[in-house]
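So, here come the structures, one by one.
In what follows, chain A forms one complex with chain B and a second complex with chain C.
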Partner chain A sequence: MFKAIVSAETLSSALDSVSVLVDECKIHLEEDGFTIRAVDPANVGMVDLSLDAAAFESYEADGGLIGVDLSRLEDIAGMAESGGLVQLELDEETRKLHIQIDGLEYTLALIDPDSIRQEPDIPDLDLPASVVLEGKDINRSVKAADMVSDHIALGVDEGEEFFYVDAEGDTDDVHLELTTTELIDLQLGPAHSLFSLDYLKDMNKAIPAAAEVTLELGEEFPIKIHYGFAEGQGQVTYMLAPRIQSD
Partner chain B sequence: MEFAEFATRAKEIEAESADLEVTALVTDLFREGGDDLEVLARFVQGRVFPAWESTTLDVGPRTCYEAIARAAGQNVSAADVEETLASVGEIGAVAAGYEFGGQQGLGAFTGGGPDELTVSAVSETLADLAETDGDGSQDRKIDLLFSLFNRCSSDEARYLARLVLSEMRIGVGEGTVRDAIGEAFDVPTDEVERALQVSNDYGRVAAVSRESGLEGLESMTLSVGRPVQAMLAQTGTVTDALTDWERTAVEWKYDGARIALHYDGERAWVFSRNMEDVTAALPEVVEFAEAHLERPAILDGEVVAVDEAGDPLPFQAVLRRFRRKHDVEAARTAVPVSPVFFDCLHADGEDLLEAPLTERHARLESLLRDHEDQPPEGVSALVLSDDPDEIESIDAAALEAGHEGIMLKDPNSTYSPGRRGRHWRKHKPDVETLDLVVTGAEWGEGRRATFLGTFELSVRTDDGYETVGKVATGITDETLADLTDLLEPHVRAQDGQTVTLEPAVVFEVGYEEIQVSPTYTSGYALRFPRFVGVRSDKDPEDSDCLERLERLFDAS
Partner chain C sequence: MADWTETYRPTTLSAVRGNDKARDALRNWAERWEDHRKAAIVHGSPGVGKTSAAHALAADMGWPVMELNASDDRQADVIKRVAGEASKTGTLTAGGSGRRLVILDEADNFHGNADYGGAREVTRVVKEATQPVVLVANEFYDMSNTLRNACETIEFRDVSKRSIVPVLRDICRREGVEYDEAALEAIADSTSGDLRSAVNDLQAVAEETDRLTVEDVVTGERDRTEGIFEYLDTLLKNASAEEALKASYDVDETPDELLNWVEDNVPKEYAGGELADAYEFLSQADRWLGRVRATQEYTYWRYASDNLTAGVAASRREPKGGWTRYGPPSYWRKLGQTRSTRDRRDSIARRVADAEGTSLATARRELLPYLSAMTHHCRNRDLTVRMAAAYGLDASELSFITGSGADTNKVGSIVEDAADLVAEQAVEKGGNAFFDAGDPSPDDTGDGSETAESDETAAESGDGQVTLGATLEDAAGADGEDTVTDSEGDGSANQTDDPGSASAHDEDDGQSGLSDFF
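The block that comes next holds the complex of A and B.
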């Protein structure tokens, strides 16, 4: 059983953060909200999302599992006016999702969850450094690096106490430092890792500019990117594996 | 089997030039193939899917280059890959030259251990790739290919790249696979050959040979609804045919497109010459089956389109019908087609591949005969003759009716799917040649990397030259070397493997037909262009002009 009403904006935010990595996903319809976990085909980038029941106008579920085509569902949510509501109801018999938006009725065929790539195990990472900053600063860092390279190095300078971004191109280089005055918070620790911009650019697309984002970093370790949405009732954690640094 | 193991074996096979040794290596591979036998039997030939399946990877070179670039490391772009390809000449060598695996997977941090690529994982990912369609599918294909290349060693990357772009080229042909299956599982090769012809599935035949031997192979039959390759013809003369067979079967060579009609008693399938399912595009043929067939059958024939005067329309009009996916009804009204059948591979539960032509034709007639006292509909007339004059008059009648000429067939021959043997010969009138200017070319690949090939041909107009086609066939390596020497001084610009040439050299080019075409700037294209020679006696100014092309088109 699943029946819910949610603002189109909240639904879109949730879906967008997953669709940057995968086309299809499984949605766990738990009693206290829904969760999604997905990993890209190369097992490099992962998303772990939860949307609390409190983020919905109304929410009833009893632990079901559905598989959805994300771009289809995003298109439907996009049909709502600004501030509009989306009503979702699962038909257990036909395995279809009935969606209503301002008088528009859409019946969405679901995907067999068994045909969707297995959900990843979440790596248990103990990352020594943590950086809290605004979404717009991540956007700026990614954009700067993208001008010269397809990779980005992120690290923390423990001595001088700042977070930095490095990108090396064939001819040009980019370096960006953010000190404790620009950052919301900085926990010092040994941290320097290289990441593919292909993935970070996609993840960046989903991160709201005004969101408070926590980055957890280590030496040659995956990065964890965490932020909240829907007034803190939605939580997204990305994990991205590093690239081995050759010099 | 680990994909690395397959790559090692493929490398050994590629390095071996003696046929017997190659067969021995493939035999070993099959013996040790385990659960991957079916996939391996396809991979060694550079196939991903069984030949009868219409599924294709549909991965363009660009997509593959993007994936390789992404896996190759920092700041390598698809353009870099393409550039390397232009100098190296072969995608496998390009891929093998990069160091992959720089991008780690999250699995490395969950204690899952190294994530080795297996033959079955590659096969499954490629199957996922083939299923990807719709919005953003190009990106998703790159993601999937990246996920494979990122886990590749140098040798693995070499053979993965070739597999993806259907350029395996390790010297393993169909004959090698047939012989290796025979040796690996101790079954007679002629039975393997027969099973391959009826099933069109190398993987399946290998597995059946291993699991149930000769008995299993013998029980493999044609299956209605699963396409087999069409039997092909060589060119030939009436004199040779009569010398070889004393008496020849003669029928019109219809100017249409080859089809196979499968009917299981209720449902009909239509397949094109390259085994694509074109059932939906050709409702006339389905209706023909429903109207005239009662029992299961597999028939071989052509669909022909005729205008109101009853003259056949050009081949390309027929072909457009094959490609039509929407508005089939409108296309049908504009270009109605009708089938003409000339062979019967299966009738009412009985495979007829081993039966002589005359018997198969008789079965065809009886299958399609609606009334005892009337000739069957949609069956080509087959005349047995040993009289050159009679054959000549049939040829004249076929040409008069606007068809291509005649087919000469050995009356006692069996049906060999996919074989271009001596048993069927096509007899066509000679066509004119055109003298055209070479305005572009492409650097070759592999063995031909240092030669220019695939020459762009142009026709002269009042103010310059307009393209009319490309010619790549009918040229030996030796000639290619000469042509490269001749053309290289005239290279104007180069973009990847493609070069632009200043108009300087004139080729004499044969062709089968002139077609209207949006592909080339002259508005025309040559069907089956073939290189005849260099007209060193002609300057570009003396080459054929667009008006001549138009006249020839109008006259045809």
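The block that comes next holds the complex of A and C.
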């Protein structure tokens, strides 16, 4: 049993943050909210999302599991006017999701969850450095780096106490330093890793400019990116594996 | 019931059956990967355990797997994004130091638009990879040379019956199926080296009975394509007409191809009268194939097949024995070898056809042989020169027609003379054009500047004074020198009346046409 009413905006931002990595996903409909966990086909990026029941206008669920085609569901949610509400109801018999938006009724065929790529286990990583900054700073860094290269180095300078972004292209370079005054918070630790810009660009699309974003970093280790949405009632954690630096 | 091939898929390399050498090579490759950093190509027939071995290897090494197989969309950008990224990044659990294994299944099969550019992208991924990559393929040589050279090669051979039977026995024990040893052997026999098929067959048969016996297995035999060599053996050695026809249904060749195979190999078995009979049937088959081509009526194939299978089998007068080395048809090879010759012949024929107003086929079939006979070894030098001039032949083409060497002095001088002749004729023709058109004061030798424009200029200079007859006559006269149109194109009728009219013109300009010699 699953029945919920949610603002289109909240639903869209939740779906967007997952759809940057995968086309289809499994949604766990728990009693206290829903969760999505997915890893992209290359096993390089991973997303873990939870949306509390409190983020919904109304929410009832008893622990079901559904598989959805994300682009379909996003399109439907896009039909709502800004501030509009979306009503979702699961038909257990036919395995279809009934969606109502301002009198518009849409029946979405669900995907067999078994046919969707297996959900990843969240690795337990101990990342030494942590940086808290605004979403727009990430946006700026990624945009600048994208002009010169297809990968980006993120790191923390322990001596000078700043967070830096480096991108080296064939001819041009980009370098950005953010000191403690520009950052919301900085925990020092040895950190320098290279990441694929393609993935960071996609993830950046989903990160709201005003959100407070936490980056956890290590030396040649995956990065964890946390941020909240829907007034803190939804949480997203991205993980991205580092590029191998040798050669 | 779950698929047994999945249930009993090996989880570690040591459980991979039947290819111990390849298995060890694969493990060795993985252990040395840090040093050589090359990708590996694992190739072999379907169902021998290539993909299983790759996955088992990853499990043994503790490497996470990224797999891209043929059911995925494999356009270049997808491969780049998925396999390319995976082969260059660390893992989510261990970061940059963590290895992952990238498995590209069916790396030899990139088909159509869905995989556009895929094969090239694979090569790039392999070259740029910083993680171990395994390419799994059936046909080693379907992959590009660059790709093959960039990788270590590990071949998986067909699994022998000796290795298949224990696997089946083990599965039966674990599934609690009772069996006759002979039944398992029969399954292993019928799948000829394909372990996966053997397991599938076992499951299919086991689902229907409580106890496996040989009889159960026989009913469960799968369709197989018969190899062309086995078929030739059957057809030519001892099959009856009916058997030969029926066996041909399992052969994966069209009648056109099959005809070439049979035609080339039948003399290796048949001799004398029976061989003549067999060729009679083959020629019948060939005629039916001709009808298929002409009418596009493919139902006629059946008559071609009947003739070339049943007909050939029926022609045999006594059974043959022993072993014969059959060879592939020489037809295509011969076509390939003679390509340049045929191209030259066609280019000459094209020019002759243009000049004579005949079809290419007619020029090739009816004119070229005569030209060739008349100018054999340039014996009739004068004629040869004029022919070369008429069709604008160069040394190699002249050599093709006359049979003389292309770089001999003889041919060289003929080509030179022909060039002179062309120039001379152009001059004369220009002059005649004016003369014949009825110009009151013609300059018989013509004028260098007028030469090339001959006919057109003639008509213009005529200024309406020219009668239709005069123009025609003029054209005929001019053409007679330039080409051999009339006599060659139209055959005998002209040969008789031509000399008269032609020589009339000839006297004018002292130049005879080729037609005079027919």
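Descriptive notes on the structure:
Please note the rule applied: the second predicted complex is superposed on the first by the 246 of 247 C-alpha atoms of A that agree within 3 Å, B and C clash if a C-alpha of one lies under 4 Å from a C-alpha of the other, contacts with A are read in each partner's own complex, and residues count from 1 in each chain.
By definition in this document, a residue touches a chain if its C-beta (ideal position, glycine included) is under 8 Å from a C-beta of that chain, and two chains touch if they have at least 3 such contacts.
Fair warning: this is a prediction, and the values are worked out from it, not measured in the lab.
Once chain A is used to superpose the two complexes, chain B occupies space that clashes with chain C.
In the superposition on chain A, contact of A:Asp150 is made with chain B only, not with chain C. After overlaying the two complexes on the shared chain, residue contacts for A:Asp170 are found with chain B alone; chain C is out of touch.
Within the superposed three-chain model, A:Ile244 lies in touch with chain B and with chain C [touch as defined at top]. When the two complexes are overlaid on their common chain A, residue A:Ser71 makes contact with chain B while staying clear of chain C. With both structures placed on the common chain, the touch criterion links A:Asp23 to chain B but leaves chain C unconnected.
Contact with neither chain B nor chain C is seen for A:Glu93 once the two complexes are overlaid on the shared chain. Contacts of A:Val39 after superposition on the shared chain: both chain B and chain C are touched.
Here chain B runs into chain C after the superposition, and of 290-298, 362-370, 416-424 or 470-478 the stretch doing so is 416-424. According to the touch criterion, the shared surface of chain A, contacted by chain B in one complex and chain C in the other, consists of residues 39-44, 46, 120, 123, 125, 196, 198, 221-222, 239, 241-244, 246. Of all residues in chain B, those touching chain A in their complex are 70, 73-75, 77, 99, 101-110, 112, 115, 125, 128, 134-136, 140, 143-144, 146-147, 150.
Partner chain A is touched in their complex by these residues of chain C: 64-66, 68, 72, 81-83, 85-86, 88-93, 95-98, 100, 130-131.
The residues of chain A lying in touch with chain B in their complex are 23, 39-46, 71, 120-121, 123-125, 149-151, 168-170, 196, 198, 221-222, 239, 241-244, 246.
Contacts from chain A toward chain C in the complex involve residues 39-44, 46, 120, 123, 125, 193-194, 196, 198-199, 218, 220-222, 239, 241-247.
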